[in-house]
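Chain nomenclature is as follows: A, B, C, D, E, F, G and H, assigned in order of appearance, with residue numbering initiated at 1 for each chain independently.
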């Protein structure tokens, strides 16, 4: 019998530390699949954030660097500049990348550093128990916006891909979701494209993926699927915000 | 009097609430009490535990190297902490999930409550902790059970439906305690 | 006075509000999230402002701004976050701005674990940033003490125009205990030095800079004078059964509580044990150690949740070399073992002395 | 006929696979694994068409599909 | 070996390159701008990488990344910038990453002034961040020493997989002196632990975190062991005319140089003066002070460009209470006055003793 | 005789600390004039950066707060939230605001804090002696880009007003220059408008002003005038990037 | 006729005013002020039309214009 | 031998360069030497100064509380530092800008060089510092003048035009020194 779908080699056999139904698992899995498919396992260096993504330290079967909260893009800069021959990516949450790490991601993008960022946007601080993130939706409740995010006090959700895409240097900026098999496949293709651009020294690539946090959204995993479709995507439309010229020609 | 109690179980079993409610009850009786939840990197999907110390004097250390009472809601917790129970101490176990055979030879009293199954019969396994709480209150005799019932029901919420469920669970725990003792 | 059964972090937050705090900015980090979370719920009810900063750095500078405007302001964090706030702490001290900073220590270095520890003692007492400034640093060991000191911290901050640090470990942040809450303080007008818009031609400058070497040195000397006054007037320490003690524990915070139990246990066994528990870890109660009688005290046992030891250093400064000093310790989220502490003293009594070197 | 292999010891009972299977092959079972989750079972394996929707959707890479 | 007349900061940068440094990231701040500026010119010529970080924080994490990838990496800053790097320093220590961090101290706290000072001694030796980690901290007092120690710093960093701090004051950064430059070192392959892509199934994890209390405590104990080894093996100190000295200065860096002049001046007047000059301020040369003979030494005089004093503490830990300790100091950009130091000793000789209290 | 043009009251009589021909002087002056004209002297709190703007601590005749490098927007947040009745503005350079303070300015803007930022963009770190800033032009020499800014290594200049304007909350975002009397007058009008919006609680306002640094550009003051016109404005076009709806109607 | 008042002790000799004056009224003088700058002087005050270009342009607010 | 020298003046007068060149010359003679520029918040448009110490032994303190030699390029510097000059010391002044009357009664030798004017005559006031340097070298007699000339011209640049100007300035300084002594 032929194996049609298998657990990727770039993940360990152990269970992930993520909560049931958490799409950190999905995103990790498809990234690992891309690495397997491109046979990059021995070439890859993965920079993990502080956030639930940190749990990847026990999960990935790759060279790993645990970074300080928000600083993965700086760490990746140091790594990639030292070892241009490696595939380097950061894996970051929305608190990590959109709040404390704002300067680091914007400047790495602006310098056009030749690595890839996978940005897991779940509209919340998952790891610390559900505080408001820069990406929390208007009206969404969190432990620090107990009556729902009020734009008069906390402003509007930040559309980070759009900001990154407005810079000149980044090569590829796109937003995906992983709430349906079809979306998962698109997200996977997006990651693949980003890695391929990096491999040909094409510059900075940025993949935002809409994710969930059943635990802190206070929903069952299945409920989060609809929430993403109906709420999250309104604020954060899927799409490609920037891509290399050649690619555009192809479309 | 100084009683050290540990409650331990899976993350979702409400062990923190159980411990906290013991604390609240002791507080209402003007006793000295400390409730210390253990937390840590293992918490996500792992085990949870907390220490409650009840005393009629000021409590110095809020932790206990030796336990008077252990309440084990699942097997891993039982296995991990049974060794900390003092000779002469008491162990409450959630019989549905815990096999206490290991400890039979030790000088500890074992109170077995089929908490998960009983709770399931009441409608949701979620009230297993309340059943255990009531059983503990009834047998440990540190706190006044009637006053405790009031405190617990007050703390557990205002929704009529929940109230009733919790009341039943509490009652069930008391009855179980009577049966086992 | 309200007696309540409350969680550590929340009781501290409530005490701050009662002490006049009307501005809080913070960034999530375990194990202190309940402070910002409580503030986000409660401050608005009292006409106060809660802002979730985009980082620890932004948060402490929001506090800097609020303090400059005359507000009673607070922030809180845990180890990595306190490192990030260290520039801001130094700026608060330089600009003579009052603020309260709660440091809930977790295990380190680095990301470490989120478990309780006391390994930021030096940071909380000797180098909370650059430039050699100091703060009054409270290290409560019970929730009641934490509540009372937080409440008073705002007074000290305003009196000295200097930040005050409340340094606790994760145990105290997470514990629930009965606690009596102090009454709500009446709010005051912004102090005269605050920036509220100039009056006529008189304008205020809040500045973290000085003009030249001489004005800077003058500032440093002025600060040193303040610190000396603290050493004279503001030291707080609990000396527990020390009068006749032959074995004296030195411990603060949760370790202090554990050692109190140990002292009691030893006394029950007839061993003359005692405890010096610094409540202000800066100014440090050096005197309590200096006055220990080398003819009576056979050993000082430093107990701290820090490896390598830190409190040890201040104890040594206080004790000198006339009395042997030894340690009982734990780290990483472990707590001082009462059993180990008892055994240590028993073996010391038998003359098995190990002298702890400072490294 | 396609074959499913389920590494159920790591299943977290999220139900994603159950929800997306067009053929209602999968269900969350009665049994509980070591972590306390009612893990997934192939109730009607004979209906499986090997479309991989379940495997793609599973966050924990529990499901492998053979044909 | 090349003899050149070079500016402090530039000589340090050149020594780093010769020592193998091929990655530098930094952010401008006076008085150390010549280090990044020199690196931006020179590193590319040696196949190295210079990145101007968007901040001090980004810069130290770039260094963290470069170090993780096996590169010899360095960053530099001055007081407020070092505070901002303190989280990163702690992360380097936690992740066991070698790196060299140059701290060119200016006057503080806060923005302070850009003038030279020694008021970040505690920060450089006791709490360069959270979590109680330590570093080998070199405090050169001449440019030659700065060059030699920077060159060697990379070896120490790699040996211990730990950051090394070079702590100087603005004087040494700005001074020009003749200096002999060491030869260029041959570059090595990245060490085995570095992340360079996994080999077969073996992958590397560079992590600043630990799994639980026990692994964290094990890490802390392992580090403590390292620090104890430093104390045994890596202490560096210059004892200058101490053998028969009755008045012993304790001073490092620029203050150490000034005190050497003072010792010479006093000796010319027939006063038996000496100097203990710590070269590693961590590990601290406690032994040099412990072994001072109280029957001979009448006083120890701590001289530092810091108010309130900081070095004083370590000296007190070393000396204990048997010998009086007094201080001569300056701050804000002022330098220790040679005249004042001489007079101090002369008056001490007359028996006018003032004993410096620790605050 | 009538005074047509006078030194503003909101400045001290002493000389500024700025170098000859430095437009920090010009920008400070016109801001002070606006404050005088709106009679806001007793209402204003000015937050100064670290950079040559720090020299304003000795120059402004207003309540002043010296902030840490890059953090003025956070400080202003604390002040304005504590005292909504005051006029609060930050005065920041391009190193301060565009590099180390990236997160602070973006998040204050995103929260829609009701204060004004005056952003002095002189394409260089002036105070520290001429290092490359995020706004340094491609090819422009600085002490840390000794052969000129190379986009391959350091990326392209960041257009910060454009980024701020892409956020939802900010009310008014515009870029001006002060290299001619006409441009100076426009910049002054822009500042006035920003203050007026703030006074009616209109939200965050952001005024970028192209400036110079004769000292570190290595030019005479007069040479900098042309450089701004011919080089700087190419990268940083003047214009209004965002304004309140009512105002747009008026146009 | 418009009148100029020049606070020349603070003039830094940048030359902006000289450059923008449409009437060439201003010049940088021979004399040096306390700070060492050849400060501005009104060489042809009679030509001044009070257009304020010089004053607007002066970074150091040296020039006041009366009419 | 240990000679402590301070050079002071306005920011733009090239005092740092002057001091540094003395350092370079001493370095080339294999002497011990330290050059310490003073810098600080006042630098922007303020005064500048530096300390050069030349010695045939290792130099301990690179600063001097008492000066053997002061070179004052402007009046404020002269006023500020004249008090630090040792009895028997030497003060070089830029006579164009400095009036040394205050110090006439003190036990210091005053060497007056009309440096700014002379430099102006050479074409630019910018070479006043080189004139002072040469005058200092010629009279102080710490360093070999010919070797120093070489060093100075080498350090000052490669452009023919500048080289010539500097050579003239150096020569001019030497001549002035002869005249005054």
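Everything below uses one rule, namely that a contact is a pair of C-beta atoms (placed from the backbone, for glycine too) under 8 Å apart; a residue touches a chain by one contact, two chains touch by 3 or more.
Note that the coordinates shown come from a computational prediction; the quantities given were computed from them, not determined experimentally.
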Most distant chain from subunit E, judged by the mean position of its C-alpha atoms: D
Reference subunit A; chain at largest CA-centroid distance: H
Among all chain pairs, the one with the most C-beta contacts: C-E
Distance from the mean Cα position of subunit G to that of subunit F, given in whole angstrom: 26
Inter-centroid spacing, subunit E versus subunit C (mean Cα positions, whole Å): 27
Separation of mean Cα positions, subunit F and subunit D [Å, integer]: 59
Averaged-CA centre spacing for the pair subunit H and subunit G, given as whole angstrom: 36
Multi-chain contact residues (two or more partners), subunit E: 30, 51, 54-55, 57, 80, 87, 91, 95, 110-111, 113, 115, 207-209, 211-213, 333
Residue numbers of subunit B (touch at least two other chains): 40-41, 45
Subunit F residues counted as touching two or more neighbouring chains: 18-19, 54, 66, 68, 99-100, 102-103, 106-107, 111, 134, 153-154
Subunit C residues within the subunit B interface of the complex: 5, 30-31, 113-115, 170-171, 174-178, 254, 257-258, 260-261, 264, 333, 335, 337-339
Residues on subunit C engaged by subunit A in the complex (per definition of touch): 27-30, 33, 36-37, 40-41, 50-52, 54-56, 80, 110-111
Interface residues, subunit F side, partner subunit C - complex: 41-45, 47, 54, 57, 60-68, 71, 74-83, 86, 103-104, 106-107, 111
Complex interface listing, subunit F residues touching subunit G: 1-8, 11, 14-16, 18-26, 29, 180-181, 184-185, 214, 220-222, 225
List of subunit B residues in touch with subunit C within their complex: 20, 23-24, 27, 32-37, 39-41, 59-63, 65
